[in-house]
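Each of the next two complexes has chain A plus one other chain: chain B in the first, chain C in the second.
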Partner chain A sequence: MMRAWNQGATALCLLLGLAVTCLGSATSLAREDLRIDITQGRFDPIPIAVRPFYGTQPDTETLGTHVADVISANLHRSGLFDPIDPAAFIGPVTGVQVRPRFGNWAALKAEALVKGSITPEPDGRLKFEYRLWDVARRADLVASSFTTPERNWRRVAHLISDQIYERVTGETGYFDTRIVYIAETGPRDRRVKRLAVMDQDGANHRYLTDGKHLVLTPRFSPTAQELVYLGYYQRNRPRVYLFNIVTGQQAVLGDFPGMTLAPRFAPDGTSVIMSMAKDGATNIYTLDLATRVQRRLTGSVSDINVSPTYSPDGEQVVFVSDRTGTKQLYVMRDDGSNMVRISREKGQYDTPVWSPRGDLIAFTKTRPPVPGSTDRYYIGVMRPDGRGERLLVGGYLVEGPTWSPNGRVLLYAEEQLERATGTIRRVLRSVDLTGQNHRVVPTPLEASDPAWSGLLQ
Partner chain B sequence: MRGSLLVSVTMHAALVALAWFGLPYLQPEPPELDEVIFVQLSDLAEVTNLPPEPGEAPPEPPRPEPEPSPPPAPEPEPPAPPPPAPEPPASPAPAPPAPEPPPEPRVRPEPPPAPTAEPAPERPQPVPPRPRPRPKPRRLDLESVLTDLKREKDPPRAEKRQSLADVIDRTTRLGSDPDFDPTKTVTQSEISRVRQQIAACWNIGVAGAGVEEAETLAVEVRIVMNPDRTVRDATVVNESRMTGDTAFRIAAERALRAIRHPDCRVLVLPDDKYEVWKTFTFNFDPRKLVQ
Partner chain C sequence: MGIRSLLFVAASLVLAACAQDPDTTETSGAGTTTAPAVTAPAPAATAPVAPVAAGPVPGSEEEFLVEVGDRVFFDYERSDISEEARLTLDRQALWLNRYTDITVVIEGHCDERGTREYNLALGERRANAVRQYLIASGIDAARIETISYGKERPVALGSDEASWALNRRGVTVIN
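Let's turn to the complex of A and B:
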């Protein structure tokens, strides 16, 4: 009897346990959190509203509009932002301290909002303050202020643009930079070429040389305060010159027995790398700026090795060589060892430039036109090992790419042929790495051979 | 006797052997097993509600729903007060002469303002019943800006406590909620509608142009909903990663921006299943898009 009772009790417990377990499982399954995977989205520029900066006086009010215009133009040119037309803005301009009415900005589909103020300081300088707001989240993203003489207002606008760009995209900006290039005028057989420098948006343009002598291939130093370029001040005797943009002084870098070509600074600014033609061969040399000691990196006796550029870490050099019969890209260590050809596809390559990020090498490529196109020249990028070649832009003549300091935009020279008149015009253009955002960089004259500085310091 | 027995056994054995080998139907055939097919059960709504092809207009909701409240109408701000007069210098003594500017102007950002001096940032301007003068913009100094940033970045403690209380409440009520009906589930078509809605609000930015890693990072966002289908709280899972990982922060902010987008303010969720969707997780995964 006792045994039967025990068996019954055990069976009952088992049943109860099973029931409880099942119930718990069912409940937990039903309670399992809903999870929704979002795998589709939009790839659109970010709508941003840049309000005129609030000025406490009539002149600062006008200046506030100019600052906002420069910021909007910078962000628009990047292709990553879509500034909203100020005509759509609602309500009067208010200072940076006044919290925005986010509903108004959301109605305009703005995802980001920039507000700022300009306040005169007792010492005559101006204080520029701004704040970037995330409209949807109603949260501020970044705020900063700059106190400087009024004449620097454009630089302040560029600095603010850089901070906005960096905060929203995660990439370093490139607006507080300069471009040096060769300004060209006159007929083709008597071309006048001058060194010219300007802000990246074309403002503050000025000529550095008078055009009496031929100048070529200007390149910035890492500090963006000096240039190195090739000058023909003595006929048939091109020399490498150093030019200080701040002081306007220049000096011959060295008196070399052969012809020197395409000088560029090393990333640390202590040396220059260039090509020198001597005894029937063109090889790559480095020149220490302090000691003026030369060092040869390539040892060809008949080949042409030109257009050397350092990697950002200074440990490798990419250059062009015709040792296989056509111009191809090669990479070697900074002491000339471990030379490897990296260009593999059909065509000839020239003017390689290593990205400041180190992930890509930009180049000019020539190849016969493909069916349906008349393009012979291309600007492209490839990885340092030669893989992943992509041609970003083609044309009648495009050449000489130079990187923005964040390694996302390329500037290059284009020769445009107007078929109706048969005239040729040289302009500067830019394209980003997506290959979609093409812009013309405004210059007063025809332009070629651009070089983009790093961020100003 | 023995001989008969042997003959009988032998004959029987022979008969059994003959029957065994001669009659094949006696051998049991191995049963043919059906191939196991694994299926996933999906909940379907009573009315088919498939998502349209890209480019088509979104389908009408299967049942009348309350209209999402329109975005706040642009409200004219009260008339601006006359620009404040420049503040007098702190000291009556004349200001010292400004130092000579360097030959090449250098502009450097000043350090962020200190976090303590100024009071809290001005509150959002309430919609006034009649125009009234706007508060005079305060002078912004370094300290005030930092104060603002600090206060605006950190949600009030009360809100944090509220969120935590919600979670605790939700957890403790598990299994005892009288409104909970475990048979109600959100159907695939209902999930698809929400997915489409959020996808339209999720701006990943121009492909290949932002920080590269942000396009390969999935971000999970924990959502707490209000019964009126608006988002009460959205918290990035692994939120601490946002402080040290720029790419993750950018990706997370894009996800949060999508959730707070005006077009996604009211999610297209079924009203009668609030208990099922009052908390859920969005997983923003751009990897397939980038590929």
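Let's turn to the complex of A and C:
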């Protein structure tokens, strides 16, 4: 467990240009203790104290507080941890090597404690060290260090958050990730829409387009370096574009005679699956990014087949089709064969997305309101064979779920209708797989069409 | 000095905001009420602008809007051409057969319900239904392009049946 985790973290950090060291924590003492089973519906969040990281100089001291704040906020938003207010902390901040006074932390009812240090290296980089302690057993659970330029401090805080989350839950984290979405302003009939990207906690927010052209439905590549999305650019014709976030360059994807839409990368990043709408029919195509070879997977002459996404192994595709007269979900092989309908309950289904773990498909569902509720749209999950359907959240209009890389949390877009004034407000929200931990994801403007990246590299 | 120049910037921003107002009041004014008084289907809603009493210039966009009618409407999640839509499209075909150098783009639109991606596809199907009707009425296919906006460009801004009915539309736009 520890060994596997260290290899993962090392690979991750080498790509980031970080140096990572395992401090060789004494995990043998405490293997089965501080752990929560997040597959259960309800649990009490673990009280955790995240001390400001110890800094030997004024600027690293301030930074130490920021790092602790980012970690605390991440853990708090997960719903699995209950960070203790730092105002209650007792005693001076000490370095990572100083053994905690466990009695002080037990008095605060802390079950877990994070201590860390920030030390300048001779080459100007900073060394971030931390250790996670089990307060009751007075034993350390995980520890490591990252050496990197100061500007990477937020990513270090996210990586540490991911390690703490993984150690306590047994599942990989999702904090070192980004979200791409559509930022919206203006009246409803003249909406200005811009591509925007931010860290999962809302930091490092930036706009990628200027709002002069309509842009919709961005999706990350597996490396999160590229996006595919729908843009109304040349002669205002809607086409799928491939956009490189690093270089800022973009190009139309493929040479199609009609509107292309609903793009998503294959899990290996070598091709894109999308739909083309022409002459009243919408069919699903793949485009190989290296060879530019196009392949058609559905052959309807008047139906809509749209919103295709791959299973994580790339062998199957789930999509929505109205071939029976209502919108339902279908699964087929990646060559278009063996198509079967999987949605079976009452209502219509839309925007399916396969969980990164492969065990579930999330979707948008619409059905007439049930008595006593104004909900019309729902976000739900079902198994890939269509069984075990569960609706997680409903609303006037909710749509477009996107998974956290560990398959525990869903982001989606909500249009909140204020009936008294008739105004609509568009926000991003999140909910976890158990239907708990409902949150608004703060954005500077109104927002729609979220897509979550995988863990950054 | 610093404050003074800041104030100047603030003042220019206000001016800039005001300058945009005349452009936006028409639609946003209508939008704040729930009644979708925005763009009715028939020519009557489009107030004649030309001061000349003689009426719109033959073959002009204005004539098309006033005398012919530029849009047809669809039922929820449907793309069938209704009887009422046929009357409008028959007039459009007649007009386009008269002015044969004019080309058009058919815009397909949806109401706000439903997901973005499905509505983009549905908008294309609606635009195509209009296009096929005009082609069957003798208009050269090369003169008619289509574009779907899905649910991105409503004209009526309420969240009610009346607004949705006006937004589920196919609009013939003269190039």
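As a working rule, the second predicted complex is superposed on the first by the 411 of 457 C-alpha atoms of A that agree within 3 Å, B and C clash if a C-alpha of one lies under 4 Å from a C-alpha of the other, contacts with A are read in each partner's own complex, and residues count from 1 in each chain.
By definition in this document, a contact is a pair of C-beta atoms (placed from the backbone, for glycine too) under 8 Å apart; a residue touches a chain by one contact, two chains touch by 3 or more.
Here the structure is a predicted model, which is why all the values come from computation and not from measurement.
For the composite obtained by overlaying on chain A, chain B and chain C can both be accommodated side by side without a clash.
By the document's definition of touching, of the two partners only chain C reaches A:Arg191; chain B does not.
In the superposition on chain A, contact is made by A:Lys327 with chain C only, not with chain B. Legend: residue contacts after superposition of the two complexes on their common chain; A:Thr366 is shown touching chain C, with no touch to chain B. Touched residues of chain A, counted separately for chain B and chain C, are more numerous for B.
Contacts of A:Ser343 after superposition: neither chain B nor chain C is touched. Of the two partner chains placed around the shared chain by superposition, neither chain B nor chain C is touched by A:Thr177. Closest contact between chain B and chain C, by C-alpha atoms in the overlaid model: 28 Å.
Residue ranges on chain C touching chain A, taken from their complex, read 24, 27-28, 31-32, 34, 38, 79, 112-118, 120-122, 124-125, 128-129, 132, 147-150, 152-155, 157-160.
Contact residues on chain B toward chain A in their complex (touch as defined above): 71-77, 79-80, 83-84, 86, 89, 95-98, 101, 103-110, 112-113, 121-125, 134-135, 137-140, 142, 144-145, 148-149, 152-153, 174-175, 180, 182-183, 185-186, 191, 194-196, 198-200, 202-211, 214, 246-247, 249-250, 253, 255-258, 260-262, 276-277, 279-286, 288-289.
Every residue of chain A that touches chain C in the complex is listed here, in rising order: 187-191, 193, 214, 216-217, 230, 236-238, 258-259, 261-262, 275, 277-282, 302, 304, 306-307, 320, 322, 327, 350-351, 364, 366, 376, 396-397, 399-400, 415, 417, 422, 424, 448-449.
Chain A meets chain B in the complex at residues 26-27, 30-31, 33-46, 54-57, 61, 78-80, 90-99, 101-104, 106-107, 109, 111, 117, 119-120, 122-125, 129, 131, 134, 136-140, 143-149, 151-152, 155-156, 159, 163, 168-171, 225, 246-247, 408, 432-434, 436-437, 457.
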